[in-house]
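Some notes on the structure that comes next.
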Amino acid sequence: MEIKLTVNGTARSDEVEPRLLLVHYLREVCGLRAANVGCDTTSCGACTVLLDGESVKSCTVLAVQANGRSVTTAEGLVAEDGTMSAVQQAFRENHGLQCGFCTPGMVMAATSLLAENPDPTEQQVREGLEGNFCRCTGYHNIVRAVLAAAGKLSGAEASSEVGA
Amino acid sequence: MIPATFDYEVADSAEHALSLLAEHGEDAKLLAGGHSLLPMMKVRLAQPAVLVDIARVGELSGIRSDGGELVIGATTRHADVAGSDLVRAEVPLLAYAAAQVGDPQIRHRGTIGGSLAHADPSADLPMTLLALGGSVEITGPAGVRTVAADDFFAGPFETALSPDELLSAVRVPRGGDVPWGYQKFVRRANDWAIVAVAAYDGRVALANMGGTPLRALGVEEALRGGASAAEAAAHAADGTSPGYDFHADTEYRKHLARVLTKRALQGETG
Amino acid sequence: MSILGTRVLRTEDPGFLTTGAVYTEDVQDERLAGACYVHFVRSTVAHASILSIDTSAARDADGVVAVYTGKDLAEAGLAPVKPMMPNMNQKMVQPLLATDVVRFVGEPVAAVVTEEMYQGEDAIELVDVDYGILPAVATMHQAVSGERGLLFPDAETNVVVKFGDESETNPDLFEGCEVVVSEVIQNQRVAPAPMESRSGAAAWGADGRLTAWIPNQGAQGTKGALVGMLGLKPEDVRIITPDVGGAFGAKFGADSEHAVICWIARQLGRPVRWSETRNENLLVMPHGRAQEQKVTIGGMRDGTVLAYRLEVLQDCGAYPKAGAFLPMLTRLMTPGPYEIPHAEAFTTSVVTNTTPVGAYRGAGRPEAAAAIDRAMDLFADAAGVDPAEVRRKNLLPKFTEPHKTAFGAVYDSGDYVTALEKALAAAGYDELLAEQARRRAAGDTLQLGIGLSSYVEITGPGGEAGGPNENSTVEVHPDGTATILTGTSPHGQGHQTVWAMLASEELGIPIEKITVKWGDTDLVPRGGGTGGSRSLQLGGAAVQQASRELLDVARERAAASLEASPSDLIFDTEASAFTVKGDPDISVPLSSLAEAERLFVHTVFTSPGPTFPFGSHVAVVDVDTETGKVFLRRMVTVDDAGTVMNPLLAEGQRHGGIAQGAAQAFLEEVVYDDDGNPLTATFADYPFLSATEVPSFDLVGMETPTSYNPLGAKGIGEAGSIGSTPAVQNAVIDAVSHLGVRHIDMPTSPQRVWRAIQAANGSKEA
């Protein structure tokens, strides 16, 4: 079946089989491999992208379902001049990634979260990321990164050490 | 991880969807958000030969009021039900329940009609519809019929829908001031409920205490007899034969039903 | 201004955040052009003989290139893999693909090769395996009793290996003790579950060499494993390590699937790719922990511990892997940081019809810490002494000279009491006790629990003659950049940044101009990889040493070029140049000394021995006494791993370890039914920790350097996961101890907690 959609602002037209998962369309057809497959039960969120601006798990969306719509991936958050988005920047500054496998999905989920709730509490951030698993960071710095991107971390909170 | 092959049709109207269902019979399944169906297809527990996509059928989505009820189109997403000012004002229990389904990504795709038609006994919305005493509108070759929640859920993943029908809308009673409560017991935030309870206006529904969402009739009767929340809740597990798994055996499950019912009756959410 | 000890942002992150890191599944390489895809048919039963395998339907299916079974591999002369250590029962061999018998659900039975990825899952369904079901040895006790038979009839036992001689047990070990407590405790099986599952890609060149891309924790070890499994010549094998999405001990060496795909690539004369699903990962990637422990602890009513016995039953799963010998490390760390006059430990490792057990963050040491810290609390409870006071009384006093324990471990430096006091102070221990007392008096539904742990652990071990070591090459290029080759193998730890920091500190080259390489066996033929928290203290020390030795070489060249004596030269790090003492206008940039001849040094850093980081954790939980549900509210930790090179990264390691350790205590478990069928083989079923179950963590700083390397650094990677597990478990039990509960096994699921409360109530009423 032929699908026409916009991926990271670029119009595409491709012939796909109905069962092609959106995540594989993005990775194998579009060559956008930031989104990863981390599970098979729609649990882990490593495949999270934006569909018409809202976070979705691209492993549980068929490419054909994205026909006529727009998809944004982590690659697409980067400005033309190479500047990372505020969320990506905050992840870097707060060491919100280690092995990086969950990271693109986590960044997309966080981006969508902040678009819907620009002023979240820590609890709201944690609940907002309940669909994204990370094994490396213990979530601590991911949460900090999202709060930082929302402008909610003051200078005094820059270090997580309580004493020496 | 990958579904078996299937053919894919896009319906441009409810009528078109019905004709496709009629054409393909039991080989066809409806696809809206796909977040009940696709996970099953990916592990090949379901292998429909044809998917009929109804996600773009405008007439099947949307939220409106109709007298004493809200009418919610079947393909309305959980995020939209949860975020709707109208639903939050008029049926806050439903808005709350929709916000408990899965996680944000799932709520951006999953639909109320899809969830109800899928009829997972541990799901949030079937139980909630039962507590509300709502109903579903079913559109088929013979026209539209309405089935009360009490009569809709037939068994695990089994409803009153025939293969040639589609669930077109959900009706729930308006009542912004009606006391309600909701308890969903999980080990992790986006888990299916080990046990869940929804209470609304003297009706109490349980999830994952049987093959379908169940009314806790013993509790309701006690309440009518003037019992307190704690006293009534003691009857929550009456007449139930819940299954068991490594999270909860039957005795613990019944205990949870009683505790969660008490809390739901006290108007608590959690 | 030293860069060491500062919060340097990782240089690898911009790529990771934008285009994503390049994991094995992402690799695009001309050598893999036209690759076909491998999918495995796996056993659906725990123990059975294979009566027949019918591959005919699969062979005829769309896109199927070939189907292979164990028979094909045997005919090609590929031998089953023997257990890795000679003291393990050598009859317990594992064929690369099962031949006569399957011994766990998930064991690979056949390999199907297809043109396209999606065709693979269609084709494997068409392979028909006929199994003759055998009784499943589903538990360790069944393995010991023999009631379900033997996994390996030739071995004549289900016992793999033992450590410690039970016949030498001292029956009077607890003589003189006023209080003696004994308990059987479970250190349950968990799944490492890194976010990246296993995968691989293989291509044979016209030159007859194999190039394999495999996510791993040490390319050199992976190469050695493949060479052994396939009977290849080492010079014919090149391992390339793409970015690795987490490992936690489970990606060392190579698995049978990696060997099979390399073999298939040669058979077909085509490159081959493979990725497993998460379900396969949870079924087949080696599991962690899986010990049953009997602890007996005795001492005086004033809280002094006199004696401790630890008896361990280790579940190895179906084929002995690292899990079989980890009890040796458990045994080594039996007394932990405590001074216990009389202690003994005995371990027995057995096979069962379950997933093989391997190393998982901490690998044998969390088990020891969990046992002794649970025992300390049991003793405290029985003696009626505060658990903090019991620890204070029994912790080894501060030492700066190496301290050898009765079990042969030589702790390099330690200050355990200070760690405990810092953690207690930061947690506000007295305020917590007061709050707990208030809630108990009020009979609140939500009760507060405070749990402690004091731990010490062994990092950077190595069995090499001469001591644990690691190698590094540092090269400075004429254009002012530098390249570091390291034998470590990062998978999230940030070596790319920290090794650059270390070289930058010595050479004055900015970290942005330093490239760090690892994981390509043609480039770095030797290396110990990353695991056992060895990397900084050995690999980082090697980078520093190579950088310093490079300056020595450069100095000679500079002296020659300036016609000065080497001792008359100063290296100006800020300028990255040599100047003449007293004449700063005469200078030679370091990079210029690479123009005529390459400027590089290869060095090996050797440590006198492993180092012993330590710490104390305080866990604070709420327990809903009506439902048994546990809410982790606070983790306050001291994790002292010596001098910290990059606090940002060290904190990240602590966070990750704390979360994993806590998850074991109250959430995660791998469950099998009585027929050996796995019940937790998806992320929907396995209670993998998500962001809502843990709080932010309170980390307290403490640095007690080691003298074993110039950095003063010990290993931080696993420490967090060692202290957190017993602290959280102790906290949960503490929350309901006033109701009569003495012990709850991990994970302290709501059902387990509720049952413990009911049982205590019942015994109270009785």
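Note that the chains take the letters A, B and C in the order they are written out, and that residue 1 is the start of every chain.
The rule we apply is simple: contacts are C-beta pairs under 8 Å (C-beta built on N, C-alpha and C of every residue); 3 or more make two chains touch, one makes a residue touch a chain.
Since we're looking at a predicted model, the values are computed, not measured.
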item: Chain contact topology (line, ring, star, complete or other); value: complete
item: Pair of chains joined by more contacts [C-beta pairs], A-B or B-C; value: A-B
item: Chain A and chain B: spacing of chain centres that average the CA atoms, whole Å; value: 28
item: Centroid distance [mean C-alpha coordinates] between chain C and chain B, Å; value: 42
item: Sequence positions of chain B contacting 2 or more other chains; value: 1-2, 4-5, 43, 188-190
item: For chain A, residues contacting two or more additional chains; value: 17, 19, 37, 40-43, 127, 130, 132
item: Of all residues in chain C, the ones touching two or more other chains; value: 117-118, 277, 279, 684, 688-692
item: Interfacial residue positions of chain C with respect to chain A in the complex; value: 7, 9-10, 12-14, 16-23, 25-26, 117-118, 193-197, 243-246, 248, 275, 277-279, 422, 425-426, 491-494, 636, 647-649, 651-652, 655-660, 682-684, 688-692, 694, 696-702
item: Residue ranges of chain B touching chain C (in the complex, touch as defined); value: 1-2, 4-5, 43-44, 185, 187-192, 194, 245-249, 252, 255-256, 259-260
item: Residues of chain C that touch chain B when the two form their complex; value: 117-118, 121-122, 125, 277, 279, 626-627, 629, 667, 669, 671, 679-680, 684, 687-693, 749-751, 754-755
item: Complex contact set, residues of chain A against chain B; value: 1, 17-19, 21, 37, 40-43, 45, 48, 51, 54-57, 59-62, 64-65, 109, 112-113, 116, 127-128, 130-132
item: Touching residues (chain side chain A, partner chain C) in the complex; value: 17, 19-20, 24, 27-28, 33-44, 46, 74-75, 77-78, 84, 88, 91-93, 95, 97-104, 107, 122, 125-127, 129-130, 132-144, 159-164
